[in-house]
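Here come two complexes built around subunit A, the first alongside subunit B, the second alongside subunit C.
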Partner chain A sequence: MNELRIGVFVCNCGTNIGGFIDVPAVAEYAKTLKGVVFAQTNLFSCSESGTTSIKEAIRENNLNRVVVAACTPLTHEPTFRAACMEEGLNQFLFEFVNIREHCSWVHMQQKELATEKAKELVRMGVARAAFLETGEMTDVDVIPSALVLGGGISGITAATALGGIGIKTILVEKEKKLGGILKDLYKLYPTGEDASKFLDKKIKSLMKFKNVEIITSTEIKTIEGYIGNYTVTVKKGEKEKEYKVGSIVLATGAVSYEPDKSKGKDFFNFDGKKIISQFQLENKLKKGAIKEKNIVMILCAGSRTPERIYCSRICCMTSIKNALLIKKANKDTEVTIVYRDLQTYGTDYEEELRKSKQAGIRFIRYNEVKPPTVDTKKKSVMVYHELLGRDIELPYDLVVLATPLVSHADVENISQKLKVPVDEHGFFLEAHVKLRPLEFATDGIFLCGCAHWPADITESISQALGAASKAAIPLLMGKVTVEPIISYVDEDKCSGCGICEENCPYGAIKKDPEKKKATVTAVICKGCGICATNCPEQAISIKHYKPEQVFAQLEAAFKEE
Partner chain B sequence: MMEAGRHPNINLLAYSEVKSVKGKAGDFTVKVIKKARYVNETECTACGKCFEKCPKKVPNEFDMGHGMRKAIYLHFPQGIPAIATIDKDNCFYFSTGKCRVCEKFCEKKAIDFDQKDELITLRSGAIVVATGFDVYDPTHLTQYGYGKYKNVITALEYERLICAFGPKKGELKRPSDEKHAEVLGYIQCVGSRSLKDNRYCSSVCCMHATKEAMLAKEHDPKAKSYIFYTDFRAVGKGFQKYIKRGEEDYGIKYIRSRVAEITEDEEKNPIIWYEDTVSRSVKRKKVDLVVLATTLVPRKDAPALAKVLGIELDDCGFFNTDPFTPTDTTKKGIFVCGYCQGPLDIPESVAQASAAAERAADVILAGSLCSQER
Partner chain C sequence: MQHPTNTRTIRVLCTGQVDPTYVLKALKNGADGVLVIGCRLGECHYINGNYQAREKIDMTKIMLEKAGISSKRVEMRFISSAEGNKYIEAVKEFTDTVKSVGPSPVRSKEKCESIKRILDALIAAASEFRLRAIVAKKKKMIEEGNVYNEKIPQEEIEKVIDNAVNTEFVRKLIVSCLKEKPQSCMDIADKIEVPSALVLSHLSYLRRKNIIDVDRVKERVPYYKII
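On to the complex of A and B.
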């Protein structure tokens, strides 16, 4: 391609842009820019008629670069890329300028300035377009099997689902037995089933699938690779074994917070005997009837505090469940629940709350400013009663603390091995809180259950089925397509310092031990550019965002043509 | 929406209704009525000329009646697919035989008054139901004065008012006098958690009230928000942090209380009378606008749809599922996700949608029911 022939298409987006920006003026301005041989406005560039007219313009004007000034690449980049390709123009010679989210929507009150800004954005896009280069998508083969990490109810469900649709699956559990937290529970809300019976049933249906291999007492030693192509080394005692998988479901769950007995003084006088956690109570219930006559349950013990600000979601219902079980076994037992807010959300849990009130369980609200205290001498829980305006005394022979679910102590370890992030509380961080709750920013790894955030069984099961479905997609497609917008290394400049390797959040760039030069694995690289900005030799650049492409755009931002 | 609209394997039938479902898991025959839009779908580009010129104005349902639309209209600007529709009941041509203004101005000649409802027969191995919720009409809860006082609105109406594409272009003007609402009162659990109305908790309204109060402040730094609640339900990921931010950075006041009644002064300012359940005293608060967090209820047509599909409803009227098989309905091969099966917020609905997709894929890929019996 010798002569630059840039076409600019400025979109009205109905009135979304046209209502606030003088779109014809922007198109006229575009015509004055260097390299631009054609410019027009569209009412909706993305519509059938919009793309048809773009295609016509490419053909008739022999365009070799296309700039569309419209909405966001997130919604329509594929549309316009496709239009270019249909006219035989490489899709990477297309440039998107966002004049909606970045302009008309945020400057609705200042129409003239918005128009000026739109012109500048278009000028920048055109400057960049002049330096664009062609690129090709590549297909990468996929190993059609999956790894599920963690064998709690989430992992069991995900593995059963994957097995059920015919995918070879490896389930790795670090404990001797499958089941996670459920192994230690007595009965389950909201169904009232036996936790162990429920678990047995689930494990049995998992066992039916011959294509699922379950390995317990096993931990992950290393995970290398990328979507479609992971090599997982597991360790069972001294023995090691290697597996190849295409995608991974992370279901490592959480643990019930157990306070340190030696520090019990600072934690409602927790002693693990007369002052215990709900988790311990489950075990006690499993062993037989509760003999204590006065039971006080303190909610939000160790949660919703400055140090652990979150609500653990399941402990209100766990407390109500156990209170009801105790009350049902012996209606003369006094059970009092001391709470802050009751999290009986949804349909079933609100009903359980109603039942527990009918059963005579007493509820007293406390204010976090004056939390209850446990007086072990008087054997009373002291609660500041807001309505009465004074402390009241609740005699106890058993205090049960609703402690939150917290992350595993070794969560950092998994996070590093898989190169996926955790939040400040050690729960894994998904790609998007609202729209991609089961995915990581890294392709090929999916998330479910309490590893993500405290969840009840219903929610864990939903998420596990969902994660299995997501993990199955690349495996069933048989290939993944990667964009060429990735980092590449100029080996002549690379000094082999390895700074890029340290900084890459995805593990995509590594120092080749033989060549002593950085090398990039295309499928893993997200083109984020961190390596390029950190490279002291400026040996790295990102395709499609090369220095000359970015600088041309920047220069255009500051100069008037 | 875009993703679904663009996906090569997804055939989107909008403005369509399922009429009958026959068969069983692995082999359903579904009859769908594709309603006439009176607009040619392949020609219409949603350019807007027709609705600019159409002489008939009707209250816009999407804006909960707070704005107007024409007889030919888009359901909402970003809707997928973007195709105009003529609302036959309100169109002058259909009622009087005269007009056809839209036809004259449509450059693409897309208007087609002779279009007929189309009956489409589909065959599918599995069905996923994701029909969502309705908002509860609080008019009969006379203590809140909804319907009587103009400045008492529902949360969904509020969402339309504060939306940049809404009828007020994002300016929070209150209905009675278009005055900017600066002091806002949000009343939680309206119609929810009550044996007289809806027994359950809608699960999303404590959080959306917080979001709405934050939006008010972002639109107008002078805005002050008061949220009147019973229990504050903030159990999702990062929610407690969010409400802390609401209190500290946005100055939202959370008041644990029971609202007894709303009255109005001469300037049509609502006055909220409430019992502060912390100090057990009766107090009042004058505000510019009241936002009611009304229950999210099963859709009115849920019973009819359940009948067509042959599935059952639960005690609250949502599609029935067992807690531990959360996306399986009472009929094999038919799955549910989202609010139509019970209260869920967006991330929960999205996660559950993937779950339902998995269950559906199971039927189709397994090609038999063996793995269905899990």
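On to the complex of A and C.
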């Protein structure tokens, strides 16, 4: 390529960047950089109008390098690479500068310094862009089988779906039996179906598929590889077995929060007997009719608090459903639901709420500033009634606390094995809520059900079907495209010492017995660069991360133009 | 999740591709410190890149100490991509560490010239076949042994690396001196603050390797030049 014609696009990301960085100033600064012939700001570079304007700019200004200063390549690199390709510009001539995660989000209180930093990050990106080279994608074969982690309703659904598509699937459950939380539930809203009958039906339809192998009492030991080629080692007791799969569905679920009885004092005097959790109530209902005459349910018990800020989503409907069941069994039982807010979205759920009100279930709203208290001596729940402006006393025989779903204790372990992230509450994080739902940033791993976020059965099933479809895509395509970011040997410099071969963790680089030079097998190479840093002759470099590309960034980082 | 604004990030696919020369160049360009962050040990996304990187960064730190530059300016941390809070902590802590060491001498007017020459010599040393080969072979030598199947104890190979760093560094310093102008052994020894006997032995090695030669002999003192 002859003359450098770099275009710089600085994204506001709504207010995510624009609110903390002077975006127009960054774009103006970019115009002063060597090789930059065009610079503009975008409200959302990733939006339809954003990519359209990038494409227009490439066309009108004859750009041969594109630098977008926005968010993380994990979410939007494919978007901008695609925009470049549509204009006939090789996708590897695109450079992504992260001024959101690396700048605006972590320097929210320092607008001026953050703006300066953003300018310098753009300067580094532009310097690197000047040294970028074109590259071509290659196709890699895929092992046409899938792994489903977790045998709750999400895992069962995902495995059934994959089985139905005809994909060889391995379903791994750490407990003895399939079912997860569903095993312990009584009836399901909004259909009123019996949970155990429903589960049986689901398991039966899963069992129909001979191509689905179910292994219970089994845990994952290691997971290695990449999309299309994962090697999974599972452990059942002392026995270990290895599976090769192309994609993975994570459906490890969540657990109901059980307060510590010894600390019950701080938690509505929870004792597990007269003051129980909603989950315990499900068990109690399963065992037989409720004899208590005065029942008070307290919602948001342990959720939407500073410690656990999230809404557990399932508790409102579970409480309403159980209240209705109790009331239906015995209409003289007094059931009161003490709530902070009620989330009964959609037609069916709202209908349940209406029915419960008709059935005579009382609803009393409490304010988070004055949460209800449980007086075990008086055997009553005290609630500050906002409209009456005073405390009211609700006598109880049984208090039911709608505690939230929380993550499993071993979530960190799974997260590290799969190399996928979790949030501060231990729920797994998808790549992008809207653009890449149910996907992880790591290709070939998908997410569904309560492992992601508290979800009810209906939602878990929908998500599981989505995740299974996504997991099936690469398997059915039979191929995945691999980036050409791999090791490259300068044969003139190579002395054939073989140190690269000794150190390559993938066996991707070998000394050619005839040429006596190192040669790379492109498909196996992952581009880790170990060969390059170990090469005594500095004959090896990684395409797209060549020393001159890194040095350009290093120089630009500390030098004013 | 907020951290100081003084970091500039360079993305690499794996710390396994962070060459010592990258770190040294960053310092030469005026970085006060270099923080290399990779996956947690045992959890490398690329199998063992972080262990490999640790060897290289350890060597880089040895090099800096030899050259009289605080090795605190370079640090490696092992943080998973799921541990944003640990990353923030690492950046804060490293910023404090580097602040306690002080601003880079590269940016001080008096020291700039000499420190850049030292860093250039380090970069050249880190590009040298011998040093790179020893570090690359370190793990194998300890775990599997050399070509005679003799396992080399870790302390011993570390001593060898230490020695090699010293030797290569001084040789590169000598070369950088001679690049300026032909000089005598005493001139060089004074300039790089190394005993003249040691400089002389390196000069004879460099001459044998056809890197330098005698420029002239003045009053029975030989002056050397780069070939």
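The working rule: the second predicted complex is superposed on the first by the 351 of 561 C-alpha atoms of A that agree within 3 Å, B and C clash if a C-alpha of one lies under 4 Å from a C-alpha of the other, contacts with A are read in each partner's own complex, and residues count from 1 in each chain.
Rule of thumb we're sticking to: a contact is a pair of C-beta atoms (placed from the backbone, for glycine too) under 8 Å apart; a residue touches a chain by one contact, two chains touch by 3 or more.
Note that this is a predicted model, so its numbers are computed, not measured.
Chemist: Considering only touches as defined above, state whether A:I542 meets subunit B (first), subunit C (second), both or neither.
Modeler: After superposing on A, A:I542 lies in contact with subunit C but is clear of subunit B.
Chemist: Going by the contact rule set out at the top, does A:L43 touch subunit B (first), subunit C (second), both, or neither?
Modeler: After superposition on chain A, A:L43 lies in contact with subunit B alone.
Chemist: A:A468 contacts which: subunit B (first), subunit C (second), both, neither?
Modeler: Once the two structures are laid over each other on A, A:A468 reaches subunit B alone.
Chemist: Applying the document's definition of touch, where does A:I227 land relative to subunit B and subunit C: first, second, both, or neither?
Modeler: neither
Chemist: According to the stated criteria, A:M108 is in contact with first (subunit B), second (subunit C), both, or neither; which is it?
Modeler: In the superposition, A:M108 contacts both subunit B and subunit C.
Chemist: Looking at the overlay, does A:N534 come into contact with subunit B only (first), subunit C only (second), both, or neither?
Modeler: Touch status of A:N534: second partner only.
Chemist: Which partner does A:V383 contact after superposing on A: first (subunit B), second (subunit C), both, neither?
Modeler: Neither partner.
Chemist: In the superposed arrangement, does subunit B or subunit C reach more residues of subunit A?
Modeler: B
Chemist: Could you tell me if A:L299 is touching subunit B, subunit C, both of them or neither one (first, second, both, neither)?
Modeler: Neither partner.
Chemist: Overlap of the subunit B and subunit C footprints on subunit A, residue-wise?
Modeler: Common to the two interfaces on subunit A: residues 105, 108.
Chemist: Quick one: in the complex, what on subunit B touches subunit A?
Modeler: Answer in residue numbers: 2, 6, 42, 45-48, 77, 82, 108, 164-165, 169-170, 193, 195, 199-201, 203, 231-241, 244, 277-280, 314-316, 318, 322-327, 342-343, 346-348, 350-359, 361-362, 365-366, 371, 373-374.
Chemist: So in the complex, the part of subunit A that touches subunit C is made up of which residues?
Modeler: The touching residues are 73, 98, 102-103, 105-110, 113-114, 116-117, 120-121, 124, 224, 415-416, 419-422, 424, 429, 485, 497, 499, 502-503, 505-506, 526-530, 532-538, 542, 545, 547, 550-551, 553-555, 557-559.
Chemist: Can you check the complex and tell me which residues of subunit A touch subunit B?
Modeler: Touch residues, subunit A against subunit B: 14-16, 43-44, 47-50, 74-76, 78-79, 105, 108, 160-161, 163-166, 190-191, 198, 205, 209, 304, 309-311, 313, 341-351, 354, 367, 386-387, 423, 427, 433-438, 448, 452-453, 457-459, 461-470, 472, 476.
Chemist: Show me the residue ranges of subunit C that touch subunit A in the complex, using the header's touch definition.
Modeler: Contact set of subunit C toward subunit A: 1-3, 5, 7-14, 16-22, 25-26, 29-31, 39-40, 43, 45-49, 52-53, 56, 80-82, 85, 88, 127, 129-130, 132-133, 135-137, 140.
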